[in-house]
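The first chain written gets the first letter, and so on, giving A, B, C and D; residue counts start at 1 in each chain.
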Amino acid sequence: MAELAHNSWGKTDVRLSKLRRGADEDDFIDITARVSLEGDVSFAHTAGDNAGVVPTDTMKNTIYGLAQDHLTDDLEGFASVLAGHFLEKDWIDSAEVELSARLWQRVTPTGFIGGGSELRTAGVTRSRHGTEIRAGIEGLVVLKTTGSGFAGFPHDEFTILPEADDRILATSITATWRYAQLPEDTTSAWQTARRTLVERFFGDRSESVQHQGWMMGVALLDAVPEIDQVTFRLPNQHHLPFDLARFGMDDAGIVFQPVSEPYGDIAFTITR
Amino acid sequence: MAELAHNSWGKTDVRLSKLRRGADEDDFIDITARVSLEGDVSFAHTAGDNAGVVPTDTMKNTIYGLAQDHLTDDLEGFASVLAGHFLEKDWIDSAEVELSARLWQRVTPTGFIGGGSELRTAGVTRSRHGTEIRAGIEGLVVLKTTGSGFAGFPHDEFTILPEADDRILATSITATWRYAQLPEDTTSAWQTARRTLVERFFGDRSESVQHQGWMMGVALLDAVPEIDQVTFRLPNQHHLPFDLARFGMDDAGIVFQPVSEPYGDIAFTITR
Amino acid sequence: MAELAHNSWGKTDVRLSKLRRGADEDDFIDITARVSLEGDVSFAHTAGDNAGVVPTDTMKNTIYGLAQDHLTDDLEGFASVLAGHFLEKDWIDSAEVELSARLWQRVTPTGFIGGGSELRTAGVTRSRHGTEIRAGIEGLVVLKTTGSGFAGFPHDEFTILPEADDRILATSITATWRYAQLPEDTTSAWQTARRTLVERFFGDRSESVQHQGWMMGVALLDAVPEIDQVTFRLPNQHHLPFDLARFGMDDAGIVFQPVSEPYGDIAFTITR
Amino acid sequence: MAELAHNSWGKTDVRLSKLRRGADEDDFIDITARVSLEGDVSFAHTAGDNAGVVPTDTMKNTIYGLAQDHLTDDLEGFASVLAGHFLEKDWIDSAEVELSARLWQRVTPTGFIGGGSELRTAGVTRSRHGTEIRAGIEGLVVLKTTGSGFAGFPHDEFTILPEADDRILATSITATWRYAQLPEDTTSAWQTARRTLVERFFGDRSESVQHQGWMMGVALLDAVPEIDQVTFRLPNQHHLPFDLARFGMDDAGIVFQPVSEPYGDIAFTITR
């Protein structure tokens, strides 16, 4: 006997941009959206009956259709509108919407420079039981040349890493926080959150990625009172000292080899 | 007050290959590994005390070190050895190891052709409370030119997708199953699982990706009795009919535009 | 004074698939196309006059439009038709078409497995002065566990690479050849070329990537008499021995670390 | 008879960063390097004799070794030193070095934000016959919401693109220029070049990508007198109007679908 224990279906990587002409300058919003629904569509699986299967093409169209009136800098608001729309169908139990916005830096009233890896993210999950609203940041690449060490760790037969009192620390910050209460201005809350993360990454000496991240997270909870939980993922973008002594040189310890793989992968959640 | 609700740390994208010289032919195993640990290292976060923080560099070294004696085609076995090794440290609560093996096709006793997207995966999570063993397949790209439709779905103002009695169906299969009991020969079990997925994808007519996946999953549970649960992720690799009538041509319906984004994203879990 | 020394414009990454229903089985062709035109459109640059600028959107449409009648396994033939079509416009001096076909492996009369990195390529450049026809292979990933060395190289202060009598050799073959005369059956010629490359890679012991490639190229010129020139690019996919002696282990020399970057990059052209 | 018509060998994707401690602040340089050599190593190909084959591993080591003393913001200078080093071997005919630097934005004296796609590039080719020095920019993503049209183009049976008086124009600028004479301060020259490209992209209305690029190129030749030639590659990052009228909506023309593939691909070279 087989049983359908869980199912979801949705549309991923929906790219959408919206241009708002202003008197003095244009706004340009540029997002990637993902919608995912859950509901009682077990007959679709077991019997090929699609009566409840909202096509993922319809989901895509809905995102474009509702964007015209509803997409603003308040990403959380647009995600809520979308999730609410899908939940109107009574056989849908839960709708999850994830948005990520590329950040374009304004150069002129109608001109922008892009290309950065940093994304502002927002997520809303609405079900019959309630609504969860999340926001976050992804791909915020930071590096500091001092103010970070890693020492005092346990040793075993496979440990050859030297202790380091001072090293290059680099990561690509992904942080996702949950709003216990929605801030009045989600964009301003996001900017406060971002500023806090940046200030603490560069401002606090740390003894590990974990230590650095903890201080960032505590400061984030302090800075934005509506947040009740934040999850970090902080890959360690290693810059390995390149040993020049092998070539008979005096090694000044200033030449490094950045490596993409493998990488240290640190994840944690901080709550109030 | 802030509290550390969850934490893990590990090493990701550890690439390793192992060559075993044989009398008649060489074996070549080629994996990417991820290790992730959980444990009481809250002092590392809150106080910068690394006494319990096994360095991710040590994790990497351990994978290479233990591979010499323990890595075989039984990926699940190697993952278990690795997880068990990390759990020997008494402050570690849980160790998770994920392995994925590239599949090299033998051409000569010492020669192989690679480059395929398909991966055999294995995962083991060991904690003080028990062990979970998983296996799976990733990136198995399949396409059929007939035997798949999608019709009878709900319509609303954003629905323009035509009903299709017969369409191209393509996906990149990711399936991960859990072993209630470890098969005697994990490689043979994996091959049975793969063969079953392929046979059912091509053998069964389906009314949706969900329908196709359900039939594959039921057959998988039938074919490998040690499996008690399987999770699928089946992205719909759309091949959109390209409208040639716009150019005044007779459109024979045989020219398509494959698109990468956006894509339909179907996920579900089947249990016994 | 500024002068327009060279210009081209085109459409890249046009993905197209074509399905041909057969009595016994279906054919599925899956290509990515690039078209690039040259011609006297200097007024477009200097004066914003687009009278000669065939839109790249039109190029895309043309590829789809002509595919219905003209795309077959003879990629070189379809590329020629396309290039000829664009050259009909008398202000176009030269049209270049590059096609690459994903290789789907037939499993059933209507079912295929894909996902491989290997591509069959074809290129045609037609101008007022003549036509050049090329074919090739890309992403053919091969690895052998023996039959390759690298020794006797020059040493200087930065040389620490040990000499190797026997090592793993892996590469992703890109080869592009020029037809002095078009083979009657381009698909059969391509298959002969591929088989020759594979046989010689695995069949001949080599002292370097260069040496291996030379033998492959000479054999290719032998096997397909219509080819008068072939260019190879053979990145060295390094598998670095991982030193286990550091951990106090007996190192059996069977555990390797494959690395993606940096990589050795060998390129050369062989003519008759 | 087969003949070796051309050959080169080198190392690609060498990642290197250099940290220079200063009294007031640290500098951080972060490059990716490629070295490629040509020379008479035909015996390596035809006879497996590696006497002249500088190992690509040695090339990599040389880049790290010489970086300690020679790598500064003057990328062109470091590329020249590297190329000159390899040319000291008398059987090497030509050495080409390409560098690309990621741009880290300073936040504190020892802290930086990265993650941008933009690269500063430099290239030097030195041979027995002379030296060519190039510089450039890659991945500079720019978008303007007005000030760009595309109309008056030729029509044929495959043309359906509507004429546009005003459209979103976005591209990722790649420009590579040649120095007839080396500027005294290559970093300052590069900054002037970048500023000129940005100012002209946003400042000039254009009738096509070609037109926009021409104006940028002419301005670049004006702004940096040492440049005698510049080559652009300007992929058109299309933002397609998404038709909302299909849903019975009033379409305000403000919602777009950005697409990655296919894309228009415009390339040209401007000389004095």
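Quick note on the criterion: a contact is a pair of C-beta atoms (placed from the backbone, for glycine too) under 8 Å apart; a residue touches a chain by one contact, two chains touch by 3 or more.
The shown structure was predicted, so the numbers you read here are calculated from the model rather than taken from an experiment.
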Practice task
Averaging each chain's C-alpha atoms to get its centre, pick out the one most distant from chain D.
Solution key: B
Exercise for the section: Averaging only over C-alpha atoms, locate the centres of chain A and chain C and give their separation in whole Å. Expected result: 37
Handout entry: Length of the line joining the C-alpha centres of chain C and chain D, rounded to whole Å
Key = 23
Practice task
Go ahead and note the Å separation of the Cα centroids belonging to chain B and chain C.
Solution key: 30
Exercise for the section: Among the residues of chain D, pick out those that touch two or more other chains and give their numbers. Expected result: 15, 61, 65, 157-158, 160, 247, 260-261
Handout entry: Graph class of chain-chain contacts, one of line, ring, star, complete, other
Key = complete
Handout entry: Touch list for chain B against partner chain C, complex
Key = 15-21, 26, 28, 30, 61, 64-65, 67-68, 104, 107-108, 110-118, 139-147, 168, 170, 172, 198, 201-203, 239, 242, 244, 247, 249, 251-252, 254-259
Problem - Complex contact set, residues of chain D against chain C - result: 1-15, 34, 36, 41, 44-58, 60-62, 65, 89, 150-154, 156-161, 206-211, 213-214, 217-218, 221, 229, 231, 235-236, 260-272
Problem - chain C to chain A touching residues, read off their complex - result: 157-158, 160, 246-248, 260-261
